[in-house]
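The structures come next, written out as C-alpha cells.
Paired with chain B in one complex and with chain C in the other, chain A is shared by the two complexes that follow.
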Partner chain A sequence: MAEERRFLSASGVPIALRRRQHSASCRELAVRGPRLQLRSLSAATSAVWLAAYGLFALCENSMVLSAAIFVTLIGLIIYLHFVKIDQESLLVIGSLGIQVTSAYASGKESTTFIEMGQVKDVVINEAIHMQKVIYYLCILLQDPEDPQGVSEVVPLFQSSKPRLDCLIEVYKSCQEILEQRKTAPQSS
Partner chain B sequence: VLYLIWAYVPETWLFSLGLTYWPQKYWAVALPVYLLVSVGIGYILLFGINMMSTAPLNSTHTITDNFAKKQQQKKFQEEAIPALRDIPISEVNRMFFLPEK
Partner chain C sequence: MVLKVFFPSCCSSADSGILIGRWISEQNSAVILAVVHFPFIPVQVKQYLGEVQRVTKVSVSVLGSWSNSKQEKEESLSEFLEDLGTIFCHEPWIQISKEGDSKFWSCSILQKHSKKPQEEEIILVYYDQRKVMLSHLHPPLDTAGQGAEDASKLSAIFDTVARSQVLFMTDRYDEGPIKLTHWQSDGVEASIIVELLKQASVPACMLLTFLLSLLSGICRSRVLKFWPLSFLWSKLSTCEQLGHRLQHLQVVSSNKKAPNQNQLMRKANIFVSLLIDVALGILLMSWLYRKNRIGHLADTLIPVADHVAEELQDLLQWLMGAPAGLKMNRALDQVLGRFFLYHIHLWISYIHLLSPFIEMILWYVGLSACLGLTVALCILSDIIALLTFHIYCFYVYGARLYCLKIYGLSSLWRLFRGKKWNVLRQRVDSCSYDLDQLFIGTLLFTILLFLLPTTALYYLVFTLLRLLVVIVQGLIHLLVDLIDSLPLYSLILRLCRSYRLAAGVKFRVLEQQDGKPLRLLMQINPLSYGGVVQTYRLPTYSCYPRDSWASLCKKLFLGELIYPWKHKGDKQN
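Presenting the complex of A and B:
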C-alpha cells in the first residue's frame, strides 16, 4: 500500500513524500527531491566555459580551455556522487530498529541502522540554522544505562529539509509504530 | 585636549618649548583610522562569532541543558496550579502534533 503526496521544502523546491506500509509494524517513508535540472546544469557549464574563454583571450594559453573542460567534467561527477541527494528514506521496523538511507544522484546509497533499544523517541525539533529557524525531524538516542537522558540527536532529512506539514505526516506515522513497543513489552 | 594640541601645533613650536620627545605626526591620522576600521570589522566578527556558537542541528543543546536535567519534581497538589518545570520535548510534540482536531 503506497501513497505519494507533494510538499514544499524549506527553501521552496517541490518534494514528494512516499509512504509504504509493509506490515502492521513496518513502514517506509521516502522523501524525494527534484532531479538535477538541465537549465541549472547548462548555466553552470556555460558560466565556467565563458570564464575560461575570457582567461584564454587574456593570456593566449590554450591549456586554459582544456583545463576548463576537465574541471567541469570532474566537478559534475563529484557533485553527483557526493553532494546531490535524490531520495532520503526512513524504514521503521517495530521491534527491530530504524534504518535511514540516502540515495545520491550517481546511484550511491549510504545507510545507517539504529536498533530499537537505542531509540528513545522520534520528535520534531526546531533550531536555528543559517539565520533561519527550521523544523526538522530527529531521532533521540538514549544510553542503555540512563533511560531518562538523551545521549545523542540524529537529524533526519537533512538535504531535502521538508516543511512542517510534511514532517507532521512522517511524525504521525513513526509514532504509530513506536507506540506499539510500549504496549508489547515482551521482547527483551 | 592634549591629543588635539599635539596634532595641530607644528613641530618647530613644540621643540622651542623644550618638549622634543613626541610620537611622529603620522600617528595623528593613523590612530583614528585604525579605530574606525576595527569598529567595522567588529560588526563582521560579532556576526561570525554568533554563527559559530549556535549549536549544530545534531547536538543535545537544542533539546535540553544542565538546568533542565537536574530539576526536581514537586509533588502534585490537588486543585493547585502545577509547579513550573521544563516539559520534555516528547511530551510537547505529542501535545502539538498528535491529537486530531
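Presenting the complex of A and C:
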C-alpha cells in the first residue's frame, strides 16, 4: 500500500513524500528531492569552459583546456557521488528498530540502523538556521545510564529539509508504530 | 508481541526437517542455525545438541519444524510435524512451510501454555550465515563498556552464529546419525596453501624470535650505554625508528595465538606494514644504486653544504652592515658578526676534511635503506640535522643571549620602579634600594635597552632559519609516522571483504504478500574507511604538537629554546 504526496521544502523546492505500509508494524517513508537539472549542469559546465578559454587566450597553453575538461568530469563525479542526495528514507520496523537511508544521485546508499532499545522517541524540533527558524524531525537516543536522559539527537531528512506539514505526516506514522511497543506486553 | 525468526538464506532450499538454533527470550527472537533432516532418532538429536551446547556454550535447542513440499501440501506430514512438537517440547514451537518454489512461506506458532491467545505477528529475517559468522561487529566507543544486558541486541545474534562454528563442521559426507543443512553442509572448504603456511610459520617464528632476542641482547649490553654513545642514540631518530620496528617484529614473531580479534588485526597490520615498508625500501635502494645515483648524490653534497655556508656568510655581512635600513650598534654588531663568521669558517673546514670519505659513508649508509623506507627517511632527516648543525648552534647562541637580555631587562625594569621579585613568595614585592644600587641599575638598564635591537635582530634571523629546518624535518617525520601507523591490512580487508568489518546491519524489505509474515533481508553494513583507520591505528612513538600555539609564541618572545617535536618517552617539563 503506497501513496505519494507533494510538499515543499524549507527553501521552496518541490519534494515528494511516499508512504508504504509493508505490514502492521513496518512502515517506509521516503522523501524524494528534485533530480539534477540539465539547466544547472550546462550552466556550470559552460562557466568553467569559458573561463578556461579565457585563460587559454591569455597564456596560449593548451594544457589549460584539457585541465578544464578533467576538472569538470571529476567535479561532476564527486558531486553526484558525495553531495547530491536524491532520496532520504526512513524504515520503521516495530520491535527491531529504525533504519535511515540516504540515496545519492550516483546510486550510492548510506544506511544507519538504530535498534529499538536505543530509541527513546521521535520528535519535531525547531532550529535557527541563518535567518530562518526551521523544523526538523529527529530521533532521540536513550542514555544507557540515565533512563530519563537523552544521549544523542539524530536529525533526519537533513538535505531535503521538508516543511512542517510533511514532517507532521511522517511524525504521525512513526508514532503509530512506536506506540505499539509501549502497549505490547514485555516478555520476561 | 512480535516474534522474529532469523532464517539462514542457505537453508531456503533444504528438505523438510526440524529447525535447530537458539531462542533469545528477552528479545522474542529465534536464531535458526541449521535444519536436521529425516530420518533421525530424537534421543540422538538431543544427545548431539547437548554436546554442541557443552562445546560452544550456546544454548542450542530444537525450535520448530520446516517443511519443504515440492507438490501440494501433504496432510500427513503436517500432522507428523505437529506431533514432533510434543517430543521436543519448546515454547513456542515454530512451524515454517514452503510450497513448491513460492517465495512466500507460511509461518505459524504453537503455544501450548498460551495464557494470551492473541495472534502474534511474525517477522522473517533472512541472513547470510557465512558472512554473519565471519563478521566482527564494531560497537560505537561509548557503549563499549556495557554489561551483558546492553542495548545491542544484534551483537547477541552475531555472537550466537560466530560461536556455533563447531556445528558447521559436519557436512553431508559425514557418516553420522544426524544429517544437517547449513552454509557448509556441501563440504568444508580449506586451502592447501593456507595450511602449508600455518605449518611453516611455526619454525619460522621460533627462528625469528631467537634472532631478535640475540639482537636485543646486544643492544642492551653495557658497551653501548656509555655516556657519549647513549646521548647519540637518543638524539638520532634513526635509532628510535629501528627500535620501534624491532618491537614490531617481536610482536609479529611471537608464538602465542592472538587472544581476541583486536590483537589479531593488530598483528596482521604490523606484518603488512613491515612488508610494504621493506618492499618500498628495496625499491628505493635499487633506484638509488642504479646508474650510481648515490655517487652523484655524494658529489653534490659538499657543494650544497658550501653553498649554504656561503649564503650564511652573505647574510651575516648584511647583518653587520645596515640591515633593512636599521641602525645597529656598531661594536656589538661587529663582535657578534665576527663570532658567527668564525664558526662558519670552522664548519667549512670540517666539511672539507670529511669530503674524501663522504662517498663511501653515504654508499654504506644507503644500504640500510633495505631495512625499510621509514629507516631511509629517518636517515635523511638525520643527515639534514647534521648538515644544518651550525644553524642550530647559531640559534642556541642567539636565543641564550636574547634570553639573558630579556631577563636582565625585566629585572632592572622592576628596580627602576622600586620593586623586586620575591623568590620565596613567587611574586613582585616593593623594595627600597640604596642610591648607588639605583644608579648602577639604571645605567645597566639603559645599556641593555639600547643594545636590544641588535640582539633581537640576530635572534629573529636565526630563529627563522631554525624554524625552517624544523619544518622540513617535521614533514619527513610526519611521513614516517603515516607509514608506521596506517593499518594497511584492515584497509585492504575493508576493500575486498567488507563484511568482515561491520559497523552494523541494514534491512531490506522483500516482496510481501498479504497474510504471510513480513520478509526482511539482513545485510551487513560495513565500517567506513575513516572508522577503520580510527579503530585500527597502530600506536607510534611520537606525539605532537607539544605546545599549543600560544605557549610557542610566548617561548619565542622570551627567548626560551623550543623543541617542537616531543617523543613519548620524554619527561614533561
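Quick note on the criterion: the second predicted complex is superposed on the first by the 185 of 188 C-alpha atoms of A that agree within 3 Å, B and C clash if a C-alpha of one lies under 4 Å from a C-alpha of the other, contacts with A are read in each partner's own complex, and residues count from 1 in each chain.
To be clear about the criterion, a contact is a pair of C-beta atoms (placed from the backbone, for glycine too) under 8 Å apart; a residue touches a chain by one contact, two chains touch by 3 or more.
Since this is a predicted model, take the numbers as computed values, not measurements.
Undergrad: Pick one for A:Gln99: touches chain B only (first), chain C only (second), both, or neither.
TA: second
Undergrad: Could you look at A:Val123 and tell me whether it touches chain B, chain C, both or neither (first, second, both, neither)?
TA: After superposing on A, A:Val123 lies in contact with chain B but is clear of chain C.
Undergrad: Regarding the shared-chain residue A:Ala24, is it in contact with chain B (first), chain C (second), both, or neither?
TA: In the superposition, A:Ala24 contacts chain C only.
Undergrad: If we overlay the two complexes on their shared chain A, which of chain B and chain C does A:Ala57 touch? Say first, second, both or neither.
TA: Touch status of A:Ala57: no partner.
Undergrad: Where on chain A do the contacts with chain B and the contacts with chain C coincide?
TA: In chain A, residues 151 are touched by chain B and also by chain C.
Undergrad: Of all residues in chain C, which touch chain A in the complex?
TA: Residues in contact with chain A: 1-2, 4, 25-26, 28, 116, 121, 123, 125, 142-143, 146, 150-154, 504-507, 509, 512, 517-518, 520, 525.
Undergrad: Residue numbers of chain B touching chain A in their complex, please.
TA: Per the stated touch rule, the residues are 51, 54-55, 57-60, 62-64, 69, 89-90, 93-94, 97-98.
Undergrad: Would you pull the chain A residues touching chain C in the complex into a rising list?
TA: 22-26, 28, 91, 93-96, 99, 101, 111-113, 115, 117-118, 142, 144, 151, 184-188
Undergrad: Can you tell me which positions in chain A touch chain B when the two form their complex?
TA: The contact residues of chain A facing chain B are 120-121, 123-125, 127-131, 136, 138, 140, 149-155, 158, 168, 171-172, 175.
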